[in-house]
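Report on the structure given below.
We just call them A, B, C and D in the order they show up, numbering each chain from 1.
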Amino acid sequence: MAKIKLAKSKVDKLVEICKSFDNEGSELINVLHKAQQTFGYLPAEVQEIIARELNVSVAHVYGVVTFYSFFSMVPKGEFPISICMGTACYVRGGEKVLEEFKRQLNVPVGETTDDGKFSISCLRCVGACGLAPVVTVGERVYGRVSVGDVADIIKEYQQ
Amino acid sequence: MEKYKMHILICGGTGCRASASETIQNNLQEALKAKGLEDEVQVVMTGCFGFCEKGPIVKILPDNTFYVEVKPEDAEEIIDEHIVKGRKVMRLLYVDPEKKEVVSDSKHMEFYKKQIRIALRNCGFINPENIDEYISRDGYAALGKCLTDMTPQLVIDEIKASGLRGRGGGGFPTGLKWEFASKNKADQKYVVCNADEGDPGAFMDRSILEGDPHSVLEAMAICAYTMGATKGVIYIRAEYPLAIQRLKVAIKQAREYGLLGNDILGAGFSFDVEMRYGAGAFVCGEETALIHSMEGLRGEPTVKPPFPAESGYNGKPTNVNNVETFANVPVIINKGAAWFKKIGTEKSAGTKVFALAGKINNVGLIEVPMGTTLREVIYEIGGGIKDGKKFKAVQTGGPSGGCLTEKHLDTPIDFDNLIAVGSMMGSGGMIVMDEDDCMVSMAKFYLDFTVEESCGKCTPCRVGNKRLYELLNKITEGKGTKEDLDLLRNLSTVIKDTSLCGLGQTSPNPVLSTIENFYDEYIAHVEDHKCPAGQCKALMQYVIDPELCVGCTLCARNCPVDCIIGERKEAHVIDAAKCIKCGTCMDKCKFNAISIK
Amino acid sequence: MAKVKSLADLKRIKEELQSKMDLREKSNNPEGLVQIKVAMATCGIASGAKEVMDFLIDVTAKRGIQAVVTQTGCMGYCYAEPTIEVKLPGKEPIVFGDVDTKKADEIVEKYIKNGELVDGIIPVNYKTIDN
Amino acid sequence: MEKMIKLTIDNKLVEVPEGTTILDAAKQIGVEIPTLCYMHLGDMGIEHKPGGCRICVVEVEGRRNLAPSCNSKCAEGMVVNTHNMRVLNARKTVMELMLSDHPFDCLVCAKSGNCDLQSIAIKLGVRELHYKGEQSTYKVDYSPSIIRDMDKCIMCRRCETMCNDIQTVGALSAVNRGFESVVAPAFEMDLEKSTCTYCGQCVAVCPTGALTEKDHTNQLIRDLADPKKTVVVQTAPAVRAALGEEFGMEPGTLVTGKMVSALRQLGFNSVFDTDFAADLTIMEEGTELLDRLKKHLEGDKDVKLPILTSCCPAWVNFFEHHFPDMKDIPSTARSPQQMFGPIAKNYLAKQMGINREDMIVVSIMPCLAKKYECQRDEFKVDGDPDVNYSISTRELANLIKQANMDFLGLPEDEFDNPMGESTGAGVIFGTTGGVIEAAARTAYEVYTGKTLKTVDFKALRGMEGIRSATVDFDGLPINIGIAHGLGNARKLLEDIRDGKSQYHAIEIMACPGGCIGGGGQPLHHGDSSILKKRAAALYREDEGKAIRKSHENPYIIKLYEEFLGKPCSELSHKLLHTHYFDKSTDIEIE
């Protein structure tokens, strides 16, 4: 028997989210979006509750969560850094920028620094190809980023 | 709506917003207020102008002045000089890079000259959050015409006659698709708009939704009318917050006006639209995968037939079209199939929007008639290759397309021509590469994408693409052999031949087309263990020419891994074992002493 | 907002809205239109250019003339302000000086509508401000 | 009238009804196209054709790509090539790709020799792998019943279909995507921690060694080789109707006598019959049923009906996980396997004059959940299980082969007594509807005090997933429901939960067909005609029995007289009944 622990407020919130979608199994992806918006990520406990509320198997929920790259089971850093790996950014040096972020923060893609401050992810085309290569930190977009700019961008958020 | 003497249009596309176009809008409004002109000059945030390279863009009407690369601090000057004093701000005008001349009016810019904007007709022209502006430009007139004057079959016939083909990649005749869906009887049918633009480097769908959301809603309603559907779903990438926001506003306004909902325009036709969010899976661009995703499942494709037109969303007849396809529909109805058919080539009517990017001067979103040549697009509209480098290849069709070369430049672009030369239209990504781009690495880049985006359902795509990637990786690391090229070819052919869906059926295209067009480059990698473009790290070495090095130490100080050794004023040496080949030293050296060997 | 109840209703709303979008539509395609530029530098404004411009915008719209009225900077004829430049489709631009609303009315009626020349033309050895 | 379609396959003209797949049309002219992920479970109505493996691709002239024949319908005038060089190259390359992500431990793989992947690779003549690279590596997951070795998974997804669509257990799902994708429980946790019921239907359909039963034959060989141990065996009814298939015999051949003689040759001290325990189950469960029925008729609101059978361990796991709120509805009677154990170790051992710990009780079961059932804590005394372990029909067949016996030539032997004597009622436990029919025979006579004219309740028989019948208890209509396959069981349970159920008693078996279609049986590949033949065999054995009602089994009568007292007595409650647990996910709110 799997045992999970979750704060009551979170359970209530999840129940409310599921209810707002009529507890329909076919609304799973919408529910997951909402839940991730609310909690920042989708830990196992959250998936268990969603499965129970939507009356689908938790294996199914997990299968869906792991299919879509937008969903994450680990919390992102306080400042999530995303490097665009769209083709336009790639040919204008996006990969080098990514390597530099990885090197300077010493974390691989998809993970968060030990202090919880930064996480690195790749994304596919923000549609700002005119600014390639593009890096986003949270909502903020940095365009025409060069390897040399990486340290400055990190510094901006380090204080 | 007040009647203004002047309009200032600011690009509110994602690219320009990333460069603070919202702040520019605010500053302009503040500056107008300060001069007491807020009732005379209207400031409008529009959709994308397309010329993203030079964003943010501010356009002033009626004199059509086109300001580029505007910064928030320029707002006051624009108001003071242009609006009040009637003098153009020269430093913000576009300078033609060839002729070195100022061009103040977009109509006279090379970038816009060859463009015909149908799908993008309202982008950069109207305020997408104002339905009135859409209506004033014949918005919903096509829907009205269909509902009032045309039978569903007549509408289908019109679309068929127009020659419109699916702009999402497949190029399937839209009218035919509608007809299939209309012929299947069911108690419920669905119209789905595929706005899950996943092609890296293509952003036309997002631009249309951000700049002209009503055109898509109107077209969906028209489609629904032809097939007898009452429900529409827009499946949109969750990563497109602005497009989602604009659509939400548009749907709300359309409902308020009764252009969505029950008994539209008193014609007894009811239709409404809701949104579903994609969650980051390229394969969901495939319609059966998309439908599964809409149903809350893993976005895995299923074997066709049955086609969605027979059994789609919730098992009901469903018609799926992409955003750009829909955006063309109202114009076709308003202006007639014959008008549309005249544009473009015989088998590919109309225009196509391309996202022009890569090593090109004018990055941006363009719409050209089918049949325009690659050369016109790259050299005239695109302004040629960046930094005076040499053109090497253009990749069309995104990860499923192929790399075309110099010899293909005069190919008129249309669905069939691109396939004939080993590439495809795809959703319209067009990435230009120069002499510094290694074609093996390019193929590897695309395969990396496909491997990551494969759903894993069928063997050739799940395992085959992985093996393709591994072979390419081996080659870029200098460990490949000539036999590997044969393996690449056979595997590519089999993956294309046996994969379940369009993703796998096209994923080897970048490999096949680069082997075909850049065979020498592959041979250089596997036989000479050299990367001619100097991009494959394992096959290159940074060296300092002791003759040219003056010992300024700049490179050593900037080296991130401290692998450059040397005394001040003496020639430096790079420790190849420690070098991570980041290229910083070469960028920093002022004496051209560092080169790639 | 009331619901749009029929196609006729939609057409009516469109008509209403169109005048407000007129300016954008016209500037999108200025070649076939009458282009009027009003010099609106300090000297022009001081001598009433603003009123003239408002008048021109009004009167062209009311009389159904497809015209784009824009402002421009000082044309260099400060002695004759307000000055306006009128360009009929396919013709060379002509500059009029000392234009008040009365004069403007005359220019519209005679020159723009019928192509008859009126008094007040400033002999042209100028360039428009654009160039 | 069915519309007929003409097409050409491998230069031969074929005429098939509209809707026929290329695969089936080819079969019609004797062309076998290899398939791997495709699974057609006959009239169980299960057709799994995801078109994922791409082994069955064929060339359809005029089509750009090759088509999966399992999932492509014939069309008029179609020209199909099933084995030309383009197809062969593709098929072979796809197979190479599959093998390039598959371990090469065939020599020691449980499925070796019985592996679809292996046999198709042999058929395609794959002798060399041109494509090599990273292989998937997963931790092997050992549960009490099932072993998951996902390195061997080829993503045919048959298990997923069985677990979700047929059984509605929902323990498995495809997770991740692309090369990383695999079928796994939620959060890739161990099966034991998941909602798995161990029904074994996934194992039964796995084409490779990715899903196999936990093998107890080595343990058995060691125990049999140990002279200090008294090893007794019980064999479930469904085993005798299927074991022969492993030796090339026709499905539905009864091999009871040969099986007994094989077991004896293997060295078991005593060879008993689970059917005996099945008769005992009827005594206990039947009594409980009548008791609840009487109280219900008297208007006792605390008594819940319907009563549900409880002899299927996968079914027990199912309601413990999925319907814990209804855990007081099933009968508390243990399954026959678990009734046999305590009687053997408490009653028989004493008779034989040996200590409990020196007796090893082994069961031969058509089932994988039985392996888990043996290990449940409530069926142990001071850590010693009542039934030490269970081996499946397939494992027994393997052991017989390992022992080099000529099974077909074995003499017909008889079970030992006292626990080898059984009635026809005990025999039919092995098929869907059998338990409830057996219960009806006894309950009728006990309730009415009359003797049945005919013991055959034909209305309860059949292969439909959900069946219902009303049995006349001398004027009292008893509504009986039957479900086999957990998906069907779920429907009946949901009806009960919604208060819509009109049944007095329901029999539920987790596997389609009942135990004859169990997860430990010789693979039936979904051919339901095989299941029907196995069922017929059991009914045949029943008919041939002199005694066909459990309460008339002389050894059962003797057991009550000598040991248990009466059905549902205190002692039988201690030894023969059990209780159930809530195994749903426990959400602790902080």
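Methods note: contacts are C-beta pairs under 8 Å (C-beta built on N, C-alpha and C of every residue); 3 or more make two chains touch, one makes a residue touch a chain.
Not measured: the values here are computed from a predicted model.
Among the chains in view, A has its Cα centre nearest the centre of the complete protein Cα set.
Spacing of subunit A relative to subunit C, judged by their CA centroids, is 55 angstrom. The distance from the centre of subunit A to the centre of subunit D, each centre being the mean of the chain's C-alpha atoms, comes to 43 Å. Averaging Cα coordinates per chain places subunit A and subunit B 23 Å apart. Chain centres here are Cα averages; for subunit C and subunit D they lie 89 Å apart. Among the residues of subunit B, those in touch with two or more other chains are 281, 298, 455.
Contact with two or more other chains is made by no residue of subunit C. Multi-chain contact residues of subunit A (touching two or more other chains) are listed as 63, 67. Chain pairs recorded as touching, per the definition above, are A-B, A-D, B-C, B-D. By the touch criterion given at the top, residues 49-55, 57, 65-66, 68, 71-73, 86, 89-90, 93-94, 97-98, 100-101, 130-134, 154-155, 174, 176-181 of subunit D touch subunit B in their complex.
By the touch criterion given at the top, residues 13-15, 18-19, 51-55, 198-203, 206-207, 238-240, 276-282, 293, 295-299, 314, 355, 357-359, 363-364, 395, 398, 429, 431, 433, 437, 442, 445-446, 449, 455, 560, 580, 582-584, 587 of subunit B touch subunit A in their complex. Considering their complex, residues 1-8, 11, 44-45, 47-49, 51-52, 56-63, 66-67 of subunit A touch subunit D.
For subunit C in complex with subunit B, the residues that touch the partner chain are 1, 3-7, 9-11, 13-14, 17-21, 23-28, 30, 39-42, 53-54, 57, 68-74, 129-130.
Per the touch definition, subunit D reaches subunit A in the complex via residues 164, 169-177, 184-187, 189, 193-195, 581-590.
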